[in-house]
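Please read the structure below before turning to the comments.
As written, the chains take the letters A, B, C, D and E, and residue 1 is the first residue of each chain.
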Amino acid sequence: MTEPLLDVWDLTLRFGGVTALNGVSFTVGRGELFAVIGPNGAGKTSIFNCLNGVYRPQRGTITLAGQRVNGRSPATIAGMGVARTFQNLGLFEQLTLIENLMLGRHHLMRTGMLAGMAWWGRAKREEVDHRAACEEIVELLELEPYRRIPAGLLPYGVAKRAELGRALAMSPTLLLLDEPVAGMNVEETEDMARYLVEVRRELDLAMILVEHDTRLVMDLADRVLALDFGTPIAMGTPEEVQHDPKVVEAYLGGAA
Amino acid sequence: MATVPVLSVNNLEVVYDDVVLVLRGLSLDVPDGSIVALLGANGAGKTTLLRAVTGLLVAHRGKITKGTVTVGGDDLTGADPADVVRRGVAQVMEGRRIFAEMSVEDNLRAGGHSRKRAEYREDVTRVYDLFPLLAQRRRGTAGYLSGGEQQMLAIGRALMARPKLLLLDEPSLGLAPRLVEQVRDIVVQINGQGTSVLLVEQNAVMALSIASYGYVLEVGKVVRDGPAAELLDDEDIREFYLGSTPDSGRRSFAEVKSYRRKKRWSA
Amino acid sequence: MTRKIAALALGLTLVLAACGGAGEDDDGGGGSAGAPGNTAGFDGKTIKLGVLTPLSGTVAVIGQPLTAGNEVWFEALNAKGGVAGKYKVELVQEDTQYKTDIAVQKYNKIKSDVVAFTQVLGTAPTLAVLPQLKTDKILAAPASLDALWVREENLLPVGGPYQVQAINAMEYHFTDGGGTTSDRICTMIQDDVYGEAGQQGIDFAAEKYGFTVTNTQKFKVGTENYAGQIGALAGAGCQVVFLVATPSDAAKIWGTAAQARFAPQWFGQSPSYTGALAKSAVAPYMQQSVLIVSEGTEWGDNSVPGMTQMVADATQYASDQEPDYYFAFGYNQARAMTAVLEKAVELGDLSREGILRASNELDTVTFDGLTGDYRYGATEDRNPPRSSTVFKVDPSKPFGLAKVKYNFSSDAAKEFEFKKADL
Amino acid sequence: MTTFLTNVFAGLALGSTYALVALGFVVIYKSTGVINFAQGGLLALGAYLGYTFADNLAIAFAVSILLACAAAAIVGASVERLVLRRMVGQPPFAVIMITIGLLFVIEPLITAIWGFDNLPLANPWNIQTVEVGGLVLGVRDLWTIGITAAVVVAFFLFFRYTRMGLAMRATAFDPEAALAQGISARRVYATSWAIAAALAALAGITLAAGPGGLSPSISFIALAAFPAMILGGLDSPAGAVLGGVIIGLAEALTRGYQDQLFSWAGANVSLIVPYLLMIVILLIRPYGLLGTKDVRRI
Amino acid sequence: MSGARGTNRAQGKPHRNLVRSYEQDLRLFGSPMSKVGLGLMLATLLVLPTVVRDDFWLSVLIYSGITAIGAIGLNLLTGYCGQISLGHAFFIGAGAYAAAVVGGDLGLPLPVWLLASAAIGAVLGGLIGPFALRLRGHYLAIVTLGLIFIGEHLWRNLRDVTGGNNGTSVGAEATVGPVDLGALELAGENYSRNQGYFWLVWALVAIIALLAKNLVRTRPGRALRAVRDHDQAAEVIGVRAGRYKIGAFVVSSAIAAMAGALFGSYQQHVSPDDWTLLLSIQYIAIIIVGGLGTIFGAILGAIFVGALPALIDEYSSAIPGVATEAGGDGFISVFALNQAIFGLLIVLFLVFEPRGLAGIWFRVKAYFKAWPFSY
């Protein structure tokens, strides 16, 4: 792998007395699908929150395509091409699906308050152009029947997909997926897996996947990082990690 | 004819916000003294069923539009939550929902709200016997307990009501496998002391391994039911609700077939 | 689409033109002498007068009795035959809630049903309707003793403005009260127009009599705690305090002063007092330290013909009416309006212009001792009464006030000039 | 020094009243998540009920206080029962507006029954004073401070140790989980309203018992108690009491030193000092002195 | 346009109601029904003052129109951006005083004083920004409540501008070039001041409603609503929540100040007593009764709250046991009763329709859309 897209070095995050992340380092190459696994409370979501600026890590650096990420605001980082889905659905419930997608394109648009009021010139052109871009995502993710439905009323599986759609609408270079198949049955999981595979194939996009469903991770990921209580315990190909004794001990416990 | 089931749900229909139909003619029984598992994907209506039993639908603008809920033969359809608890039905809610700001002991006191004052000592001793760890932390703030401990507290709190029937909503959610096992053992132990259990789970292996009978829910209806052992062996159930078992040779997610659409994606 | 809307708009404009404006409907303004012709608010038999006053909300405590005073006067008048002995008067009452926008709406509501307004209560509501009064050429009697009103053609004030009361209070202090200009004289005023009027009077007196105002405390209506102000007045060593307040605040202020054992000579502007205070726990303190400066005489004083009449009228037409300062004010107001109407009938014109003309040609109106005689006429010649009466608190009296010095006017008060305010 | 102590005392008395009102706000907010704008109306209603008991019915003043608090509590609980219970699960905005609507209903009803005039409330305190170490203290103020202290202690004991108190805390933290324990949310909500109304009534009567008597404008004090509630932290009963005392002291001291220190700021700046203080403190602590941070996880 | 939805060229000319491009899809008055509705509304506004010539109802509607403008501003802030403000009256007051100075003292024409007051409002609204960034929900609401009291203190003490307690006359005339809406002359007909102001105010209502509607359906509007629903999630997808919170305050107070300027211009005199908490509460009532987060709801709400008391006033005297005159017989005076009925109606209305008038409106629309298949 040549120069990585994302370089995370020695990330350490503490809340009060609790250490959520402890010296986490990894890189993600362009077009790579990188997965983070670990039992609950291992700090998986904390990595995401550091990556997009919601949390400020006490130590460590995050570099995206040569630019420093940590210390910047979430909105700035989003503008740098980091998109994300949320564990507990971060859709804006009262906005329709298409409005949620359009929000994904917010940082690519320029219309300000006054221009928006006037609905004139660029404001109108922008709305039309970006709407077209969103429609392509609607089509890719087969969301056609739900365009005008408020996100809060979408069925769970569709909402998860819509969130993926919004992240894609941001035209990201790095996509962070926080438990995209949590609470889904096998059929729905397969659907989601298909979309992920397809997105990966169609777009030259790096992804980081945080997931409980180890089967999905093992099937899709190029490389896997295993965490336990914020500390990295193994990194490598799915097979390597799967058979690492420390991972078996920490994650799968005696039940494996 | 066996004894009256501790919980019997007949042809139940539940609607949210006057529009969204979530349960469509659901029926199930929990025989006295048994553990019954309720399986199903997210959104199948498992939690809604529990709410319909305990009366918590009111907090979600839901309404029973048809059918009945009887507890030990008494009709409790649409009863007030407080009444349901007093009739011996306690619920451990999904996500534990302990009162994080209060002490462990105050959580248990709240759990015993429906009981007489005089019975409190006895009830709380019983819970501390079951969960010695909670006794150690009785003055501690509940929010500082670990995930597993919080789950124990949630179960202990429900037991404070001395229920005939315990409803458990996803007790293994978000717990490491080791803790899941602990929870499973506790459930068996509670059942051994004579409390019937209705166990709602995504972790079907865990649930069916201790249940005597199981129901599978799909979009608000029971699509399959039978003795737990039978369900564990059923091929369809394995495929759709259990995922693969080590020897079933499932296909990889990376290879799920994807049919092309008319239009190409272009960034 | 745009073109369609434009066409629609054009079409509508034409409709508009056809429908016409709301230009004044010409009503027979009745010309020269003889019976006045029918006009807005007058159907040949009954004269309608408007009342814009707070009848709900906190200021209704003033609006209610004031309007009752209006009513009693006119009922008594109607019983005697009415204006000029033949035209009955009817009141059209509207609740302003003491809000300017509601006042403007209500003004618009009844302005074409009345010949004039016999009461508009409150400085702000009066100022809000004043521009329209001018445009519509309507006369209104404001129910407040602001000096602002004296030179306004469309307004018909009664009574001596607050400034006069304040000046006369000082006159009393230096003569009968035995005070000297070296006394530490202070003021405690409500932070609004009413308070400022009193302060203006004291400042004028200070210049005339040659004393300085040692300390001024301001307060906001409805304050619950006056310890700070009383402490400051006591700290400044005030021997005389002129108070401008309304009763519920005045009670708290005097109560706090009593508690602090601070007992200067208080002078209270007339609206500071109400009969209930004489029965309250503060009464002993007030008897000892408080004088009220007002106009007219004691409630039920049979030596004053106006008072005898008012009490008789009140007993007959509003039997449960308590003695009340605002009631008397409303009664006087109605009386002044009646004088204008009589004049208008005499001139044979009850139209708006006719009434304004009548008010211009009116001479001195006497209130039979209830309040000082008011010289009306052209606005520049108007001369409000300069007389005041000083009362002391005496719970045995019907209104709790006993005359100390009756109906006097100081030279300083006579010199006070009422300028046309820049409104 | 005497001036200073007099002002401090006045501040404590005023602060006690603020504390009672703010505590009422917090009780309702904590259990139902609603800022009750009708609190001022309940305060006035309680005070007028006290007047009816003490004056019209000539019942002993101490008994009248209790009766008025009880009557106000019944009114509060009934309002919850008849109106707000129907609003459970509705948007909070609509619920807040309903409390404003209630205020619009209560105020004219009060004037319809008791009229607009200033009414003297028959009470044993009035303008009496006692002298303590050279300080002249109003008896009413002393009682206000004492009663408030006693009520606050009783309130905290109630919250901490009784079943209902526990139920209220549980409901405040997680209404649905509380329901699941068999805690009747209805009883909790009704009790919160009853407590808030009783506290308001108490504040109203102690205010009206002073020299000023009773007039409909007494309800304004509830507005002045807003900063106390926010300053302490909306969901903290202890914060309400602390906030009340701080605001009371700040107001009284600013007023007391208006001439010496604050004349540049215009008359009656003391009345906006509570708001200025509140704003400054919120900029430092956005959830008030003792309020809990509302954490939204993503 | 790369239309994704039914470019049915193969079937010849598409049906005229069929949406063929995103541009059409984004059109505000797209359907024939909404076009007719728009036309009817405009027609009503134009003709109404010539039919209803009663000055009372005209003045009621003028004040309602002015509050509608202010309410649209508040709705942008509260309904769309989720920031509760009890300080709206402060900005309205500031606008009125700005109009008094620019329109009255300096004698500049309507467009100038209207925009000048908007500018003042915008600046003052921007000053609240830091609080909006730091405080949430009720805490922000009570801070803005403080604004009312601090404002009142300022209005009473900044005598040069505000006239102090006396208030100040507002000489801002409704003149645009040679046209004076205060005394309109058109095609030989004279129109009264109330008629002229009705047209002025309601034309501005229409314009501001249109601007606001455009705002909320484009990029900034979506951002506002995203911030309302979940400000942190909005940040993560690239919306600068802080900027929009401040922006919402700026725009909403600019609009509020314009409402204040119109209020002053129409009433010709304003004083500190006009900008009390009660006014703010009235605005909150309007947007809640009208329906949070809808522009049309703000207008409906303003008419409801503005005209309802007048209606009650007309008919309540028929209720038995009610005294219609001060000191008259009866248990309760009609005036106190009016207030109580007003409060009661708000309570009842929200108990039965918590989503406000707009909720009813949407239901009616949905009914007709589904007609004849009602559910």
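The rule we apply is simple: a residue touches a chain if its C-beta (ideal position, glycine included) is under 8 Å from a C-beta of that chain, and two chains touch if they have at least 3 such contacts.
Computed from a prediction, not measured in an experiment: that's the story for all the values here.
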* Under the touch criterion given at the top, what is the topological distance in steps from subunit A to subunit C? -> 2
* Asked: Taking mean CA positions as centres, which chain lies farthest from subunit A?
  -> C
* So which chain is the furthest away from subunit B, centre to centre on CA atoms? -> C
* Asked: How far is the middle of subunit A from the middle of subunit B, if each middle is the mean of its Cα atoms, in Å?
  -> 31
* Mean-CA-position distance for subunit D and subunit B (Å) -> 43
* Asked: How far is the middle of subunit B from the middle of subunit C, if each middle is the mean of its Cα atoms, in Å?
  -> 75
* Asked: What are the residue numbers in subunit A that touch two or more other chains?
  -> 54, 86, 90, 139
* **Sites on subunit C at which at least two other chains make contact** => 56-57, 60, 64, 191
* Quick one: in the complex, what on subunit D touches subunit C? -> 3, 6-7, 9-10, 13-14, 17, 107-108, 111, 116-120, 126-129, 136, 138, 207, 210-213, 215-217, 220-221, 224, 251-252, 254-256, 258-259, 267-268, 270-271
* **Of subunit E, residues touching subunit D in the complex** => 78, 84, 130-131, 134-139, 141-143, 145-146, 149-150, 153, 156-157, 230, 232-233, 236, 277, 281, 284-285, 288-289, 292, 331-333, 336-337, 339-340, 342-347, 350-351, 354-356
* Asked: Which residues of subunit D touch subunit E in the complex?
  -> 29, 35, 37, 83, 86-87, 90-91, 93-94, 96-98, 100-105, 107-109, 111-112, 223, 226-227, 229-230, 234, 266-269, 271-272, 275-276, 278-279, 282-283, 286-288, 294, 296, 298
* To do: Could you pull out which subunit B residues touch subunit A in their complex?
  => 41-43, 147, 174-178, 180-181, 202, 239-241, 243-244, 252-254, 256-258, 261, 263-267
* **Residues of subunit B defined as touching subunit D within the complex** => 54-56, 58-61, 80-82, 84-86, 90-91, 93, 97-102, 106, 109-111, 113-114, 117, 157-158, 160-161
